[in-house]
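To start, the structure itself, in C-alpha cells.
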Amino acid sequence: MKRASLLAAAAFFASSIMASAQAAEPLKIGFISTLSGPGAALGIDLVDGFKLGIEHSGGTLGGRAVELITGDDQLKPDVGRQLAERMIQRDKVDLIAGVVFSNVMMAVAKPIFDSKTFMLSLNAGPSDLAGKRCSPYFFNVAWQNDQSHEAMGKHVKDKGYKRVYLMAPNYPAGKDALTGFKRYYSGGEIIGEVYTAINQPDYAAELAQLRAAKPDAVYIFYPGGMGVNFIKQYAQAGLKTEVPLFGPSFSFDETILPATGDAALGVMNTGFWSPDLPNPQNAKFVKAFTAKYSRPPSPFAAQAYDGALLLDSAISAVGGKVSDQDRFRAALRAAKFDSVRGPFAFNNNHFPIQNFYLREVIKDDTGRMTNRLVGTVFARHMDAYHDQCKMK
Amino acid sequence: MTPILSISGLAKRFGGVTATDSLSLDILPGEIHAIIGPNGAGKTTLIGQLSGEIAPDAGTIRFKDADITRLPVHRRALRGLARSFQITSVLRGFTACENVMLAVQAHAGHSFRFWQPAATQAALRDPALAMLARVGLAGRADVPAADLAHGEQRQLEIAMALAGRPDLLLLDEPMAGMGPEESARMTGLLAGLKASHSILLVEHDMDAVFRLADRITVLVYGRAIATGTPDAIRADAAVRQAYLGGEA
Amino acid sequence: MLDILRRIVLWGGLALLCLLPMLAEALGEGFYITMMNRVLILALAAMSLNLILGYGGMVSFGHAAYLGIGAYTVGILAYHSDAWFGTESAFIALPAAMLVAAILALAIGAISLRTSGVYFIMITLAFAQMVYFFFVSQQEYGGMDGMQMWSRSDAGPIDLSDNASFYYVVLGLLLVLLYAKYRLVRSRFGLVLRGIRENERRMKALGFPTYRYKLVAFVISGAVAGLAGAMMANLSEFVSPSLLHWTRSGEMMVMVILGGMGTIAGPILGALAFLVLEDVLSEITQHWMIVLGPLLILIVLVARRGLYGLLDPKGEPK
Amino acid sequence: MTLLLFVEQVLNGLQLGVMLFLMAAGMTLVFGIMGLINLAHGSLYMIGAYVAATVQQATGSFLVGLLVALPVAALVGMAVEMIALRRLYPRDHLDQVLATFGLILFFNELVKIVWGPQAYFMAMPDMLSGSVDIIPGIPYPAYRLAIVATGLAVAILLYLLITRTRIGMLIRAGATNREMVNALGVNVDRLYTIVFGLGAALAALAGIMAGPILALEVGMGESILILTFVVVVIGGIGSVRGAFVAALLVGIADTFGRVLLPPAIAEMTIYILMAAILVWRPQGLFPAHA
C-alpha cells in the first residue's frame, strides 16, 4: 500500500502543483480523441488537422497562445468521461474539442455541459445532441451523422435506381445511416436491408445473398477497417462491375483508400468536402497538410482544421476573452471564417448548414487514391433534427 | 458375515488397454484386505473406481448394502468411504490442524456458513487435534502442511481419512517413498486401526502387506488371479509365476 | 516487523482514503475525488474477481459480464422510470443490479463450472461475449453507443450527484464488503473455498460437493461485480457495451494480480496502481501501451505476489 | 435458399473454416505440448500479414512476400518464446493469460508505430484475382478457392508431419505425456521453441492469406483470436484433428448463422455452439489427454 499510495500521491499532487503554478495566459484546450486501438487513425487525423489549423492561424488562436492538452479516450466512454472531468476540474481548460465517436460524445456531454464549458465537436454528431438535447455549450463543426447518407439517398433516387440493397453494421450509427438514406430515397424499392456484426471482417456470406437478390444499386455504410474489408471483397466477388456501389465519404476517405487499392476506384460517394473543392483556403490546407504529414488529408483532418479556424475567428472577435461566454457563443455562432468546404453557417442547433457533394474515387497524378468532385447534391443542407432543438 | 464392500463384475477399458477385467471382490468388516500386483496391474484404476473418480464400464459396487456404482465422489465419502492418495495430497497451504479440521467439517453438515471464523471453532478443532494425536502428530498441529516431513505428511493423510469416522479406508500406497523407520511407524499406526476400521490397502511394501493383511488379492492385468490369506498367497504357484514374470 | 509495517500502511492508507475528499477540496483539486471514485469502484470489481480467482482458483475471463449487466440494470431501470417497474431509487436499483448479476452468474457458473482449466477460462469468455453482443444489439438501449442516464440514482438523504458524497458511499460499500470478505474467507465456507483452490480432488474425496461451493462463490462474486457495475453506471451516468468488452475482463485480472492475488487489500492496491499507471503513462506518451505491455509481463515474471506481496514477502495468502 | 446459393455458402463456410484451422492448429499444439495459453497468437497473424504486405509492396510479388514473412514470423515467435514465454510454462494459466495479454498490447502498439495507425493495403496476387465458375452461373473468387486449397494442403502436411516424422512423434508424445519426452533424452527446450515457431508460422500463413481480403489494421489479430479459442476449445485442447473438425464446424455455423438468423442471434451463434458442446463434452470433441 505504501508504495502505491506514494506513487499515486506523487503523481496526483506533483502534476497539480505544476498545473496551478502556470499562469493562465495561454488558452487551454482539452482535446479528447481516440489515439489507441483500431479507431486511432481517425483520432490522429483530428489532432493533426487541428494542429495545422492553429499553425495557419499564426500559431495562436485569436491572438492567444494555445496549450493543447490531449487525452486518449481509448474508445471507452467511461475513460472519455474521466478525461473530460480531469480537463475541467484539474486542468481548468477554457474549452474542450475533439471526440471521434458518438458513444464517447454521449458520455462526455453531461459533465461538460453541467460545468458550462464550451465543447467543440470535431467529428461526432449524434442526433440527440442535434435535436432534443442540443446545448448552448455545444458546437459541431463537422456534420450531423445522417447527412451524408441523406445526400446519397437523393443521388440514388435522382439516378433512377429501382432495386436498392442496403448494408450497414448492426449499431446505432448503422441504423441511422440507412434511415438517413431512406429519408431522401424514393421511387423504387429497398429489396434488402442487412445489418452485420460490428467489426465483422469477412462478408462472403452476405455478398452471396446480395448477388442472389439481384439489386441494381447497393448502398453501404462501413466506416474504417470494415469499409476496407467490404470494398475489397465486393470487388473480388466480381460485383463491382455488375452492381454499382454507393456509400458515404466515411467509407471512401483518405484514411481508407490506401488500404482498398483499386477496389474502390470509380465509386461514387457523398460528403461535405472534397480535396479538390475550388476555394483558396482548401488549396492551402491540402497542400500544407500533404507536405507536413506526407499523406493526403482526410475529411476528418479537414473538419478539425476548420474547427481551429472557427475558434481563431471567434476568439479574436471577443478579444481573447472566452470567459465572456455569451459574446463568445455569439462569435462562434457567427462562424466568420473561411471554411475549406465553401459555404458554412451554424443552424439554430449549432450544427453546420453546408453543401453536400458527390465525389468519385480516382487516382491522382502520383498514383495515389483520392477523391474528385463531381457535383453538388445538396446546397446549404440542414440536418433533420434541428426542429427538435429548442434553441433559437 | 455380510461384506462391507462388494465388487462384482467390474470392468474398465482405456482404449485398447483393459485396466479392470470382470473383477469381483468382497471386503469384510474389520479386515485389512491388501491388493498387490505388478506395475500396470490396475490397482490405481481400481481405487479410482471405488472412490468414484473413474466410471466403470460394467459391474456394480455395493457399499454397506447399497449400490454406489454411480454415486459421485463426495457422496461416497459422506457414506463412510474414505481414502488416502498415492501421491501425497494434503492441502499444502494449510496447517496440519486445518487439514484435519476440513475433513471434520466435511462430515459436520453443510459448510454454507459465511460469517463465523472457522479456525477457532472448538467443534472442528477439538476432534481434529484428537485425530492428530492419534496418528502421532500431536505437537505438529500448527505447522503448515508443506513444512512437514514426508512421513508426517503421510500420517496427516491418514488423519484426514480417519477424521470423517469412515467405515472403510481405501489406502493407496501409504508407505510410498518412506524410509524403513517411517514405514515401521506407519505399519504400527495401521495395525492400531485394525480393530475399528475395515481397510483396503494397496501397497508395494511386501513386508508391511504380509504383516498387516488378513487377506490378500493379487491383481494382474486387471484380473484377480488369487485371493487368500497371506500364507495361502505366499504358497500360490500362479502368484509366484506372475511376480517373477512381472519383475524379471 | 513486517507485520507492523503492514498494519501501519493499512491503517494509514485507510485514514488517507477517509480524508481524501477533504484533502482534495483543501488543495482545490476536486478532480481527484472523481478519479478515486473510479479507482474504488474498480477495486470493488477487482475484489469480487479476487474472491473466485484468488481464493477459489477459478480463472474467470468473463467478469466484465457482471460489471456490465449491473450497470445496464441501473441504466434500464432509470430509462423506464415512467413505467411501473422503472425506478431511479438507489435503494431499489442497486439491489436489483446485484440480483440480476447474481442470476446471470448462476446461469453462467452452472454451465461453466462443469469444465476446468483452460476450458473454464474460455467458456467464461464465450459467455461474456454473448452478453456483450446481446447488449450491442439492444437498439432501444442505445446498442453499441450505449445510453445516457439523466442523473445519478436517488439515494434519499444522500446526494449522490455530489462527488464527495458519492465517494463516501462507494468507500463505505467497499469497506463493508471488504470486511464481509475478510470474514467470509475465514469462515467454514472460506476454508472450503481455499481448500478447493489448493486441491479440488482432495476436497471431493473428503466429502465436499465442490461444484456447489464453487457455484455459490461464483454467484457471490458476480453479485458484487454487479454492484460495482451499478456504481460505475452512476459515476459516469452512462452505460455502454464497452463495459462488457473482453479487454475489461483482462484489465480486472491485471488489477487482481498487480495488487496481490488472494489478499484482502490487494485489489484496492491493484486498481489504484493500474489506473494511476494508465493515467500517468498516457499523459507521457501516445504510445503508452508499448510500455504497459512489457510491464505486465515483467510483473507476472518477477513480482508474482503483487504489490501487497512486497509488504509481506513470505506471509501466507490471507 | 436455392441449391446454388447453398453450395456457395458452404464454400464460404469452408474458407472461413480453413483460415481458422491454420490459426487453431498452432495454438492447440502450443496448448497441448507446452500447456501454454497464448493470447498473443493473433499478434503473429497480424505480423505475418504486415510483413508480407510490406515485402509485396517493395518487390511486387505476393509469393516473395509470403516466403519472407513466414520465416520472419516464425523467428519473432521463437524469440518471444525464448525471451519471455518459456518462463511461463510451469506457471498457471492465469499468469500466462496476463503476460500474453501484455504481449498483445506491445505488438499492437509496435505495429502502429512502424506502419502507422491507418489501415494498410495488401494486393491480391494477379494470378488469382479473377473468378472461377464452380458451377455454371456461380462465379467464385479464385483467391478464396486458393485459400481453401492451401488450408487443406496444410492440414494434410501437418497430418503427415505429426504421424510420419520423428519430430511429429515427439509432438504427439509431448501432447499426451510430457515426462516421456524428457525420458527420451530429447532437448525439450529446443523442441518447444521449434513447436512455437511452427505455430507462429501457421498463424502468419493465415494472416498472409487473409491479407488480400482484409484491411490490415492494428487489432486485426484479436477478432480472429477469440474465434480461434472457440475452435481450439471445441476441438479439444492439444488435438490437431479436433481443431480441424471444429474449425470447419465453426466456419459453417458462423456463415449460415449470419445468413439465416437475425443479427442479434447470429453474432452469438458460435458462442452458443461452444457452450452447448462443452456442456455435452466438457473436454471438447477430441480430448488429447486421456
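Residue numbering begins at 1 within each chain, and the chains themselves are lettered A, B, C and D in the order written.
The rule we apply is simple: contacts are C-beta pairs under 8 Å (C-beta built on N, C-alpha and C of every residue); 3 or more make two chains touch, one makes a residue touch a chain.
Since we're looking at a predicted model, the values are computed, not measured.
The central chain here, found by comparing per-chain C-alpha centres with the mean of all protein C-alpha atoms, is C.
Distance between chain B and chain D, defined via averaged C-alpha coordinates, is recorded as 46 Å. Chain A and chain C have centres, each the mean of its CA atoms, that are 35 Å apart. Inter-chain centre distance (chain C to chain D, centres taken as mean C-alpha positions): 33 Å. Shown for chain C are the residues in touch with two or more other chains, namely 133, 136-137, 289. In chain D, the residues that touch at least two other chains are 108-109, 112, 263-264, 267. Each of the following residues of chain A touches two or more other chains: 36, 170, 197.
Chain contacts in this assembly follow no simple pattern; the graph is neither a line, a ring, a star nor complete.
Chain pairs recorded as touching, per the definition above, are A-C, A-D, B-C, C-D.
By the touch rule above, chain A contacts chain D in their complex via residues 36-38, 40-41, 43-44, 170, 195-197, 199-202, 204-206, 208-209, 212, 224-229, 232-233, 236-238, 255-256, 258-261, 295. On chain A, the positions that touch chain C within their shared complex are 1-5, 7-8, 11-13, 15-16, 20, 35-36, 70-72, 75-78, 81-82, 85-86, 88-90, 102-103, 106-107, 109-110, 126, 128, 170-173, 175, 197-198.
For chain C in complex with chain A, the residues that touch the partner chain are 5, 9-10, 12-13, 16, 27-32, 34-35, 38, 133, 136-137, 139, 142-148, 232, 235-238, 240, 242-243, 245, 265, 268-269, 272-273, 276, 279-280, 282-283, 286, 288-289, 307-308, 310-311.
Touching chain B in their complex are the following residues of chain C: 183-184, 186-192, 194-195, 198-199, 201-210, 213, 216, 316-317.
Listing the residues of chain D that touch chain C in their complex gives 31, 37, 84, 87-88, 91-95, 97-99, 101-110, 112-113, 226, 229-230, 232-233, 237, 263-264, 267-268, 271-272, 274-275, 278-279, 282-284.
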